[in-house]
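In what follows, chain A forms one complex with chain B and a second complex with chain C.
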Partner chain A sequence: MTAQPFLEIRNLTVELPTDSGPIKVLDDISLAIRRGTTMGVVGESGCGKSMTALAIMRLLPPGFKITSGQILLDGEDITDVPDARMRELRGNEISMIFQEPMTSLNPVFTVGEQIAEAVRQHQGLDTGKAEQRAIEMLKAVQIPGAEARLNSYPHEFSGGMRQRVMIAMALACQPRLIIADEPTTALDVTVQAQIFALMRELQQETGTAIMLITHDLGAVAEMADDVAVFYAGWRIESGPAAEILRRPSHPYTSGLMSCTPRLRLGASAAEGGAALREIAGMVPQLGKMPVGCRFAPRCTRADGYCRTNVPKDVIVGPQHTAMCWKAEEEALA
Partner chain B sequence: MSGTDILRVNALKVHFDVGRAPGGGRKIVHAVDGVDFTVRRGSSFGIVGESGSGKSTIAQAIMRLVPITDGSVYLQEHQISGLEGQSLRDVRGKFQMVFQDPFSSLNPRKKARAAIREPLDLLDIGEARGRDGVAEDMLTAVGLHREAGRLFPHQFSGGQRQRLCIARALASRPELIVCDEPVSALDVAIQAQILNLLRQLQADMGLSYVFISHDLAVVQYICDDVAVMYLGEFVETAPAKSLFASAKHPYTWSLMSAALSPENERGTLAKRPLLGGEPPSPTAPPPGCRFAARCPFATDRCRAEKPALRGFGGGHKVACHYAGELEPPLPELKAA
Partner chain C sequence: MMKSDPMTDTLPPQAEVAPPPAAKPDHPMRETMKIFLRNKSAAGGLILLLAILFATVFGPSMYGVDPLEMVWVPLSPPGDGTPLGTDYIGRDILAGVLVGGRVTLIVGAVSAIMTIVIGILVGAFAGFFGGRTDVALMKFTEFFQVLPSLLLAMVLVTIFAPSLFTIILAIGIVGWAQVARLTRAEFMRIGNLEYVKAARAAGAGNAYLMFRVILPGSLPPIIVASALVTGSSILFEAGLSFLGLGDPNQLTWGLIIGQNQNYLLDAWWTVTCPGVAIFLTVLAISLIGDGINDALNPRARKRA
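Up next is the complex of A and B:
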């Protein structure tokens, strides 16, 4: 990679202290997002993908602490900048879209007030200009009758419309990175398609980078340039999305691929589809992590060595890395 | 009803009165507005559609959890839409339900074994002494350990909780299970486990399912017959093979166009014709075709005259004036 990435996470570890010692909820995570591109972050619930987003935004829940590693935003180490600086960065440089558009909007303020608040806070616009900006943003996210809808309350919008409002708020200060945490999971497929189309269009216009957190490999295929796969607090594979979806290196990634049901249309629908492969067992509990590879207990390829030795993140292809002893063997072979 | 049918739903309507309308009269939500279908014994009938289409209301109407406005529901020879009180309880054991959210559908204060035997206690099925044994058998049937019966719901993961809900639904030895989005709240890896479990239980016990989902790929994996629902009505209904091979309704096409796949090229959706807008309000459904306002093919006729479900052979029915004449937007469907 030649250009410096816009966001770079280096060896980030986040711990939660407990009575029985600290639990690493993120363990030595590294990833980089290039300017104007989309990074898909995939994994099951509890794998640490949302925790990474919260660490970047400095919104970790009480008790959780970054214990090592760095978060670099455009070269600036933001891991422990003062709160005042962090507040400048939030909104202006990075903003976030959450999964639940209903709970992340304030029900007692109109959507216009909420979008305007963001630009007044972060960009110091006066009330009139802020309202103008709110109208522009509602138009940008294709809400019909933007001027009139400015005075509507969140409950007067449908789920898809609310998510558009969230996107409008996130984009209002023209951030260079948007973190979208499962932005379409609560929405219908047809509305999801609209939101994805909108995000791509806005990305092309504004050149913002997107970190798309999702559990859906289909969403990664649709949206992402690069992908990082998380498992139990580890980032177990990363690289170009097209490459990883075609030739996954880590057995967990290929497991996820094979347990996703595929829609078969036209001629292929007449044949009975193959049975879905399963990944046996389940994600290990925090604080009860296996000693060696954390995926070993569920892995069909694991051997004694995997169960006792923590795998290293090795290069398995161009810009493609995986944390797997077997993938390393294959890369060397 | 023929001997092979387990469930028969005739002209089912479920309307909800939600208060006074602004111009006088009442505001009525037409949640389900006249649907007919039958479920063959041992098969799975899928209902797909967007949120608000009424698919969950059908599930609740079959289960008698919401009042039925009009129409009838037969489970074998029992007209369950007309039963009340004890006579409804007498057949209750034959049809059970699995809900979407395994977190809110288990009582946090009841241990797993007690939760699973509760239907047996309530419906007074079998000897009281034997019920713990039945509950434990059900735990093993869904792939959990017998000993897991002593744990509380919070001690299980999401996937295990959904297994508990399935075990509870199985306890009364039902013939029909209504599954309302049973895997939507689960991670993909766990979703695959639960889908395979449902298929295996069906093969082992000859169960019939009404399977409600918004995910076409999941429906294709589980179901033998499928109905596509829009704003309280079926717009297309067919054997699954026929539907996925040659869907004919523009709304079905738009659901198919919006589906994501890990194999898709980046930006596939952007190249497809996507559905704009959102469904109109079910309180005042439009007079003609309910999909007309969002349909790229709609004409004045569609806006004025309501299309009925018409047969296209092999049990494939479509409610569209122009079905069979329109060009499908997806290349896979054109070839078929």
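Up next is the complex of A and C:
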């Protein structure tokens, strides 16, 4: 449980320079992912989840800069390694599964060519062996008739199968960290469950760490060992998944949880089934952040102090931290 | 180039575990070929071009008349001693057309290749890197686009003595701008697609991304443009030769027309025969280009 983390982000800040001064897209983010475990990263759209992933890959969009902090991959700070070293790491050590399986594969090459190419480039296998490896990988992600499907083009696959191909590609070089950026958002619920089951199975076999970016707390409950909750560029809560889902400390996390529908047969408002709640308001615009706690304007528990003072990341339980004045009060009480 | 049918994307999960369909769809290249050949005008163009190629490659030795030799009475009409008549100094027009085609086609093809290679390189760098590289390269491209191309080619050929090489160079230099703009547009479109990001995340370097990931996807419009560029290169070569800026040691269609222009009203065959040859060649290439366009265009594909 307490092994040295494979990926550790320390006080990462990413800024976007604008005419009216730099905007902090990520503000002092810290998180750690242990080997062979899954970290669920949750939060609303635009709160910095994907930015964190892109920062780890060093693929931030033009203009965005890492201004401070460290990203330690197995002890190596990758925020300032040369591009050539970074290209080596990408695909080999870290690989990424994107949100859109429909467009993440190159339409002009067969899936076999694409998987084999990745293996050839990274592991220096010859064409025959690379093809063999591609077949193995397609089998591993349970694509029926792998040998025949090798020569299929992406458009001949359904969305779920394409995402499996993406996973096959991501796993082909046996990376030690996979960043999955909302890998199932574009898929049917049933397919989602299959993909998660597959990822878990492969994780058990290969011992790879997974960073699962999602806004679906159900997915987190199913997949994650640890959770980091992001809000408006802050990592506002982090800790073991079981702990956080049982006793969320940050009002935002509990808010998110009460937004998640729970299906119960025959439940209606009269019988005690509560109507789905929402968190009032919107994520503040970047560059127009409130002075104090960034969640305060939407928080039901916020008071004057919250609105003027930036909360600190405090320990509220075993390996469980939250950035909230109220949580701090409760932890001290 | 292959937009998937939305129907297949929402297949129920049980369809995923079904074995792959027995009849595997054709390789896209073969499918494209089929659609191309089913198109009558495209197939006609291809046959015509093959016939012209055959005639220029094997024609001269089969016909066996030296195109530079005085063989008959000057300006004698077709059928009167020679099949297509003679020019102003009694050279056989048919022999000239057969031999002249070689140089014309070579110049057309080589300069088209040059145009396309320069165009793709400039466009690829501009579209891929964007920013200042893009601005600089596009200003450079615009410079070549606004220059009157025939005039520039004439100047280039006159400065460096007219030879096959300088003519090819001149045509290549004046024609690439359009291909560059097209390539740049395609690179900008495809460069933003998810699969390029995915390839980058998988560790691909810039050169690999440009030429192995993005270029294959952007080829269809470039191939179509290439066909049109080949046609215009041939016209260009003919134009230069006609103006007397061709290589004087090489017989070309344009040169035959240029040399006989004074006799245009008295001996129509001297200019008409090579003229028709140019016309048919460019027509054939244009038809092929249109056919490729239709075959590569997904909307046309559905119609077929």
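Heads up, the rule we're going with is that the second predicted complex is superposed on the first by the 323 of 333 C-alpha atoms of A that agree within 3 Å, B and C clash if a C-alpha of one lies under 4 Å from a C-alpha of the other, contacts with A are read in each partner's own complex, and residues count from 1 in each chain.
Just so we're on the same page, contacts are C-beta pairs under 8 Å (C-beta built on N, C-alpha and C of every residue); 3 or more make two chains touch, one makes a residue touch a chain.
It should be emphasised that the depicted structure is a prediction, and the values quoted were computed from it without experimental measurement.
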Which superposed partner A:200 touches (first chain B, second chain C, both, neither): first
Partner chain(s) touched by A:20 [first = chain B, second = chain C, both, neither]: neither
Which of chain B and chain C A:158 touches, first, second, both or neither: both
Touching partner for A:166 - first (chain B), second (chain C), both, neither: second
Partner chain in contact with A:122 - chain B first, chain C second, else both or neither: second
Touched partner set for A:190, first chain B, second chain C, both or neither: both
Touching partner for A:245 - first (chain B), second (chain C), both, neither: first
Common ground on chain A, meaning residues reached by chain C in one complex and by chain B in the other: 158-161, 188, 190-191, 194
Chain B residues within the chain A interface of the complex: 50-51, 157-160, 187-193, 195-196, 199, 214-218, 220-221, 240-241, 243-247, 254-270, 272, 274-276, 278, 330-336
Partner chain A, residues of chain C touching it in the complex: 1-5, 8-11, 13, 15-20, 24-25, 28, 130-131, 193-195, 197-205, 208, 212-213, 216-217
Chain A to chain B touching residues, read off their complex: 44-45, 158-161, 188-194, 196-197, 200, 215-225, 241-242, 245, 255-257, 259-270, 273, 275-279, 282-283
Touching residues on chain A, where the partner in the complex is chain C: 57, 59, 62, 87-92, 95-96, 98-100, 102-109, 117-118, 121-122, 144-145, 148-149, 151-156, 158-161, 166, 169-170, 188, 190-191, 194
